[in-house]
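Scrolling down, you'll hit the structures one after another.
There are two complexes below, and they share chain A, which is joined by chain B in the first and by chain C in the second.
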Partner chain A sequence: MAAHLSSGRVNLTALREAGRRELREFLDKCAGSKAIVWDEYLTGPFGLIAQYSLLKEHEVEKMFTLKPGRLPPADVKNIIFFVRPKLELMDIITDNVLREDRGRSPQRDFHILFVPRRSLLCEQWLKEQGVLGSFIHREQYSLDLIPFDGDLLSMESDSAFKECYLESDQTSLYHAAKGLMTLQALYGTIPQIFGKGDCARHVANMMIRMKREFPGSQNSIFPVFDTLLLLDRNVDLLTPLATQLTYEGLIDEIYGIQNTSEDFFDNLTVEQEFMSGIDTDKVNNYIEDCIAQKHPLIKILRLVCLQSVCNSGLKQKVLDHYKREILQTYGYEHILTLNNLEKAGLLKPQTGGRNNYPTIRKTLRLWMDDVNEQSPNDISYVYSGYAPLSVRLAQLLARPGWRSIEEVLKMLPGPHFEERQQLPTGLQKKRQQGENRVTLVFFLGGVTYAEIAALRFLSQMEDGGTEYIIATTKLINGTTWIKSLMEKLEPAPF
Partner chain B sequence: MSRVRADEEEYWHSSKFRAFTFDDEDDELSQLKESKRAVNSLRDIVDDDDDDDLERVSWSGEPVGSISWSIKETASGSTGSLDGRDSSLQKGPSSYAALPKQASSYSLSSLFKGRNKLSSFQSLSDALTDTGIKNYAPELRRPKAEYKDYSSDWSPKDTVRRMQRGKICSLERFRSLQDKLLLLDEAVAGHDGNVITAVLIFLKRTLRREILFRELEVRQVALCHLIHFLREMGEQKFLLDLLRFLDRTEEVALSQYREHLNIQDVEKRREFLKGCIGLPFSAEDTSHIQDHYTLLERQIIIEANDRHLEMAGQSELFRKYPRKASILNMPLVTTLFYSCFYHYTEAEGMFSSPTNLKKTFKIPDKQYVLTALAARAKLRAWGDVDALLTTKNWLGYTKKKAPIGFHRVVEILQRNNAPVQVLQEYVRLVEDVETRLNLASKYKCHDVVIETYRDLKDRVQLTAYKCKVERGSAEEEKIQSILSNMQIRWKN
Partner chain C sequence: MDCYTANWNPLGEETFYRKLELYSMEWGLREDLRDCVVAAAPYGGPIALLRNSRRDKIPGARPLLEIYSSSGLLLASVPWKSGRLVHLGWTAGEDLLCIQEDGTVLVYNLFCEFKRHFSMGNEVLQNHVLEAQVFHTEFGTGVAILTGALRFSLATNIDDLKLRRLPEVPGLQKPPPCWAVLSQDRVTMVLLAVGQELFLLDNTSCSVVSPPGLSPSAGPFLHMAVSFTHRHLALFSDSGTVWMGTASLKEKFCEFNTGIRSPPKQMVWCTRPRSRQRAVVLAWERQLMVVGNSSECIRYKQLTIEVLLDRLVLRRLYPLAIRICEFLRLPEIQGVSRILAHWACYKVQQKDKSDEEVAQAINQKLGDTAGISYSDIATRAYDCGRAELAIKLLEYEPRSGEQVPLLLKMKRSKLALGKAIESGDTDLVYTVVLHLKNELNRGTFFMTLQNQPVALSLYRQFCRHQERETLKDLYNQDDNHQELGNLHVQGGYCEQRIEGRVAALQNALDEFYKAKNDFAAKATEEQIKLLRLQRHLQEELDKPYLDLSLHDTVATLILDGHHKRAEQLYRDFRIPDKRYWWLKINALATRGDWEEMEKFSKSKKSPIGYLPFVEVAVKHHNRYEAKKYAPRVPPEQRVKAFVLVGDLEQAAEAAIERKNEAEMSLVLARCSAGTDGAVAEKLNRARAQLLKK
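Then we have the complex of A and B:
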């Protein structure tokens, strides 16, 4: 069962075991028989940590899905809500609690387990509804990093990008840092930290500070990781916008969408034109046609954002034209979403008159014309000729190092830096002949399957020299990502 | 047990009475008994206002439900059977609190807090304070070391640390502005969003607005947190005041505009949007907001009118194609479609006419033709379609023109099941030959295929196409006659 977690270079089973321990402890606190009411979204991540058999061992007799109305009958002592800290879910919980029959005997105790973290806002909300006191245990299950695969960890925090880049809220960064501290506790201090981006800098600072404040965390575990690379999502805004062309990426993107294959290829063609720098400074006919035919708004937004990123921002006239067409076709209220996209740097006017993208593309060799998808020799196969910028940066860091691309790094947003963490003597890592380095790449703001594929490709390259473990705040694709930036247009639940 | 008593003595006689902080409630059962006694003796000291508090926490002999219960559970050595009922686990009525569960949140610390009579009883920092009592059965007691700072003051730094670990802290002791700001700065340095928000809520409650705003202006991180909190909780007025103070005018404008989504009544929404027009949007956005208002205004008029028409039952159009939905709050292009559908021939002076919409909102030709085409095609008004695509030059010559490409025209017509004769007209006009052939074969516009192959002088293809037409049909004859034409210089 844990085979897939131990198959990689780093055995992530230990991480999962730590997670299980914490879960067991909480379940035992709510002593007696219990029923768990699940936030559906969590069943996936939890399934990666523990099976139902473990829950049963701790007296979980029933499991329900969280929904409004009266809770289903269950002869248990405890009702435990496993939920994400979201206000809309608090409403449902309130409904469940208020409808509970007080006269019933025996009464059931209520508890909440916030995953992965508590939220003051949610508790305040519950208090205002008058139900906060109904809960006996209110805790958080700090599932900071969930092991998805032998080389893949995710926080599954879908608002991380929005919080960091739109709201300057660093809470998810704080939890990323905590997750990294947990990893170091299990797998040893990471001697070298590299980073690019504002959020990367914050996380590194937090890690250093946390280490200083908890001196007991200095452990004697032989370090598994050689390097940590922290990357801001906004260093590479382009990759998530383009349609992924790896198998997993495609499935992830296409599932649920009814494109005709013709339209799909048209879409792809336009994307690739933009990515190779063709006509990024004019209004695009295909995009206009799609707006005119009222294709799903997210598709439109992805394309115009892609154009904007590939042009380092759109000319004011072009931007105004697109905005007008979008608002007229989909509704004026979308001004709010467009505003968000501008704030995030995805759809903005060109400032400074210079388009840096062609230089970046050339220097980092992001566009490879002679890609061979059957037997690829370069990471550009994941987008049929386009190499993800983020992965290129990782690749170049390993060999020959970032000094060779100083100029280009300066064109990308945020600082780049290097930190070293002291290892106790005797734990200095001595690598064997031919042994690969292990680098943990942490994407702050989300990572796509294509980037994961590209990094895995690098890992298994002969004479590659480095194996990669990937961590992120969230697994994303262009659609889910843009969606997280869209303004919620339904009226607030009060 | 004796430790508790000693501390209780110290507590009641010390001058730090108001700075009561409550540590991890381990042995809470015993603490509760002590406190019950303390509460009763409190009556003389505490204000009258606090009487309601005392009532809520009715210490009628029942300990807060789950503690005794969980202790009882552990004591009974629950085997936690997996298949449901186990009589040893049945709770007797006595182990259940007579208090409604709500009351248990009004914990001891809230009784002893220096209470501000004006503000609401519970301060928000209490949300962390009233943590679901992390109660343990006695055998899971926390190590002694954690009792260390049981009753001493914690510095801002320590307080923040404790809050980060989810421990209970009362912030009331931070009275001076300087202390409060220190607390805030520590919280920000600690990065934990929950803690920062808790401190901000405390400051919001205990500081004058101007002072709070002024201090936040130079503390970006804290500022962002507060804004986020205000948005989430819907405290619109406070948020706008804050943004105005910061001179973040465009944000004020957008924030206010966002509120229109909460207004369901159309008239009220219209009024609201009108009020938004003067707000400090960017120039571009101002025109969009203006359009939004104008559009809704028009939609209200059209809707009222059309509903009336529909109910009167006089209009054939409305009878034949009853409206599926109201036009209110629909996007502009959708409104245009509606107008082209139900009000196509109306004069420009009418708000409901398509030409009026086009003029008022400066809808580009391309969009206009496309939308009108779709509407008329749906009504199978082929004559109108034709007229849309025909332009007359100054000499009076007509010419067919489509600002959107004829292949698109064909697509739209075909979607609306246009008869082949109509379709054919426009397939013929598709410029790109390959596309033309594709569409023509696809939609069985035989004449177009035949003519095109003839023009291409492609004998092979033309011959092959004979199989696709009906035996003995006019088309077959046509092909035959062309093939037998000696004058054509076939290329193959």
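Then we have the complex of A and C:
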């Protein structure tokens, strides 16, 4: 069991074990039989930490989904709410508690487990509703980075991108920083931090502050990671929009899409034209035809956004044409979704009339004409020609360093930076000949399977010199990503 | 060697014992301990004494509460001015609990300084405390009360007070001769004896239990003792028998007849560290008996070094504690830091020194020692009424998040907001923002947020979920017309009536104009126009049209054969020709109206060409119709069109005519050997010729 977690260069089992231990300790605090009331959103992430058997061993007899109204009958001593610290959820819990039959015998004890952090705000909220005193244990379960695979950690936060880039809510970044502190507590201080983007800067700042806030807590673990690379998703908006052409990526993409193969190839052709810089500045016939035939909206949005990103924004006339076509075909309510895409920078009018994409493409060699898909020699195989920008940044950081691409870095949004964390002399690494460096790449706002494949490819390159571990707020693909940015307006029936 | 064994006496056959005096008590007590309420803390902790006021010889004289060290040194004393005391007990942290008859529990530290008090509840207040016990479990220190109404009430942890009233014991007429608190599987229960019966009381039920293997000659129970770990139980019955076993009453260790039928004054478990013996010590007026059996080894090492240090700290022996830490090389956080923090908390209570002096003295000693919480020390200062000192101390706190709760308590909310933002912890920011919201008037509150963008965006998030109206006010204040427009659009979709929706959209439209977003304004105008039209259609055609997109509205009209109306919308909404043609031929094909489609194809030159006609017809499995359009497809798409309709011969001809090798291969791939041999041969020949050139 869990062999997949210990297979990589860094043994992530330790992280999961720490998570399990914390969970067991909490369950044991609530003596006797228990029922768990789940914030549905959490069941997936918890499944990666602990099987049902672990819960059962600790006297969990029933599981319910959190919803308003009276709690289902269950002859247990304890009712434990596993929830994210969200006010909407506190309202539901309040309703549950107030409807509990007080004359009921035997009485059930209530507890709350906040994931990933206890919240003063929520407790204050519960206090104002007069139910805070009903909870015997109120604790937190710091489930920030969940081990997914031997080289992959995810926070499983669906809304991180939207919150960070649309709503200026940096809660998920705080959790990311906390998660990185936990990781450092288990695997040693990471001596070098690089980053690109506003969110990356914010996370690095918080990490440095958190370290400073505990000055004496000198970590005595030999560092496993050499480098941390923090990357904002909005530094590379292009990659998730393109269709992933690796095995795992393709499965991820095709799932739930019923396109004819012919259309699939037409779609790919247009994507590849855009990425290689062909005809990105005018209205595309294929997109128009797809709208006219009312192909799925998300497919259209992906293509239009891809074109916009590959052209550093669209001419106002082109942009307005697409928008109008979309609103007339799919409904005017999508005006809010379009607005969100604009706020996120996925869709925008070209300002200053300058298209930086060709420079970026050429300097970072994002488009490779001669792809060898049978025995790949470059990461561009994951998109049949397009090399993911994000992964190129990681690759160039390792060799020859970012100094060589200063100009391009300035064209991409947000600051780029480097920080060093001091290590006591005893812990400084003396690298053996031929020993690879280990870099943790943290994608703030999501990562695709194709990017993971590209990083794994770099890890396996014989003369690569660097192995990569990947962390992210969420595993995404173009469809799930765009969906998370869509505004769901459901008209009240007239 | 014999000097080591010289003073050992045999006890039974294999065991020996010796008696020696460790030290003599320093106290010179004037009265007999029997006349006092006494409590000795575990692990050689302090001893508290209160001369029993009931037996006080001089009426009106105040009894004295005295605390001695375990060797009898007087630590402190204070005249007892409160109500009638029933019981004394020590907490695990060496606080003295004084349980009064009315159920009030007063908490003192070991210097007889009053700390706080709490009540055991109304029921206890009304019926009075008859008996009380202080007990220790993994949850902390608890208090159990037997009231005058013969009901038990208990609190498992006095630091997190949750009172529980246990169920009634059926047939209980007078106080039970003995009872004890048990903790099993983290559940706290009361075991009591009524004559020959034992009752176990948990939160909800009262059940009769019986010790396994108890000899039938054992009479009513007179005394019981639970071991410190709550694992073992000893019962003394009036036949003089002692039963020893597990507290779960599942296993018996042994039974022994003492030959003494009067109840012992005391009965306690005695399991020494490293001892292989579990023993119970019974004491009568002039007799001491050790009852035990030899079996497996039980070891407890509960007085850890941390507890030892805590005890030194409690006795304010700071330098000694620090020396011990240094000697044992304890990590700073467990050792020196903790002691310094305690010292500092004591220091802030010294009222004779100025705030400045105290703050400096503390910082000088503590510096930035790891694990020191300046905010904890500041909180203590504030609790002692020294707000200024608290602020000074907070300045030394490196963790901005830690400063927030105290700053809020001290009503320095704006300062707290800055610190919360600095910490990056959005939960803290939210907390302060909502605090500010209650504290300030609306105008000032909004102004405060204006200067703090992080707080402002979080508050917007809060409003988005909880107070949409406030969100409007916020955007209004910023003149953010785009967002106001968006809000109106969203609001429109919650409207139950179409008039409401239109009105909301009208508002949105105005805002979009103000935002200079002409595109959004025009789109919204169109949307209103469409809604009105749909309502009209819905009434006239008696079919739901509202909330269809413009595309679907037109498509539905065509599907139902209302071609004129569809045409009208196409013109009114300036639908681009290409899209309209696609839409129309798809709808006509779905309807199966091939005649209308053909007519339409001839109405003017198709802006989308004729391949879509072929594709749409094929999609609807009508090859016959599809074939009609294939010849009209321009040469560059003609091969594809003929392949689609299945006319390989024509496809081959077109490909050969265009001298296009790729297209020839495409057709060849569709040729099956049996039926299309001639076509294939023709193609192969043409291709060979092409390659020759």
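A few notes on this one:
Following the convention adopted for this analysis, the second predicted complex is superposed on the first by the 409 of 494 C-alpha atoms of A that agree within 3 Å, B and C clash if a C-alpha of one lies under 4 Å from a C-alpha of the other, contacts with A are read in each partner's own complex, and residues count from 1 in each chain.
The rule is simple: a residue touches a chain if its C-beta (ideal position, glycine included) is under 8 Å from a C-beta of that chain, and two chains touch if they have at least 3 such contacts.
Remember, it's a predicted structure, so these values are computed and weren't measured experimentally.
With both structures placed on the common chain, the touch criterion links A:127 to chain B but leaves chain C unconnected. Residue contacts after overlaying the shared chain place A:139 against chain B, while chain C stays out of touching range. Judged by the touch definition given at the top, the superposed model places A:56 against chain B, while chain C stays out of reach. Judged by the touch definition given at the top, the superposed model places A:75 against chain B, while chain C stays out of reach.
By the touch criterion defined above, A:88 lies against chain C but remains apart from chain B after alignment on the C-alpha atoms of chain A.
Of the two partner chains, chain C is the only one that A:214 touches; chain B does not reach it.
Chain A residues 29, 31-32, 87, 105-107, 117, 119-121, 124, 136, 163, 167-171, 173-174, 177, 202, 206, 288-289, 292, 294, 320, 323-325, 327-333, 335-336, 339, 487, 489-492, 494 lie at the interface with chain B in one structure and with chain C in the other.
Contact residues on chain B toward chain A in their complex (touch as defined above): 65-66, 69-70, 73-74, 78, 80-86, 89-91, 93, 96, 100-106, 122, 124, 127-128, 130-137, 166, 191-194, 197-198, 201, 220-221, 224-225, 227-229, 232-234, 254, 257-258, 260-262, 264, 284-285, 288-289, 291-292, 295, 329-333, 361, 363, 366-367, 370, 404, 408.
Across the complex, chain A is touched by residues 162, 185-187, 203-205, 332-333, 337, 368-371, 398-401, 405, 422-428, 430-431, 434, 453-454, 457-458, 460-462, 464-466, 482, 486, 489-490, 493-498, 501, 519-520, 523-524, 526-527, 530, 546-551, 573, 575-576, 578-579, 581-583, 586, 608 of chain C. Residues 28-29, 31-32, 85, 87-88, 105-107, 117, 119-121, 124, 136, 163, 167-171, 173-174, 177, 202, 205-206, 209, 212-218, 288-289, 291-294, 320, 323-325, 327-333, 335-336, 339, 487, 489-492, 494 of chain A are the ones touching chain C in the complex. Across the interface of their complex, chain B is touched by residues 29, 31-33, 56, 58-59, 61, 75, 77, 87, 102, 105-107, 109-112, 117-121, 123-125, 127, 130-140, 163, 167-171, 173-174, 177, 202, 206, 288-289, 292, 294, 320, 323-325, 327-333, 335-336, 339, 487, 489-492, 494 of chain A.
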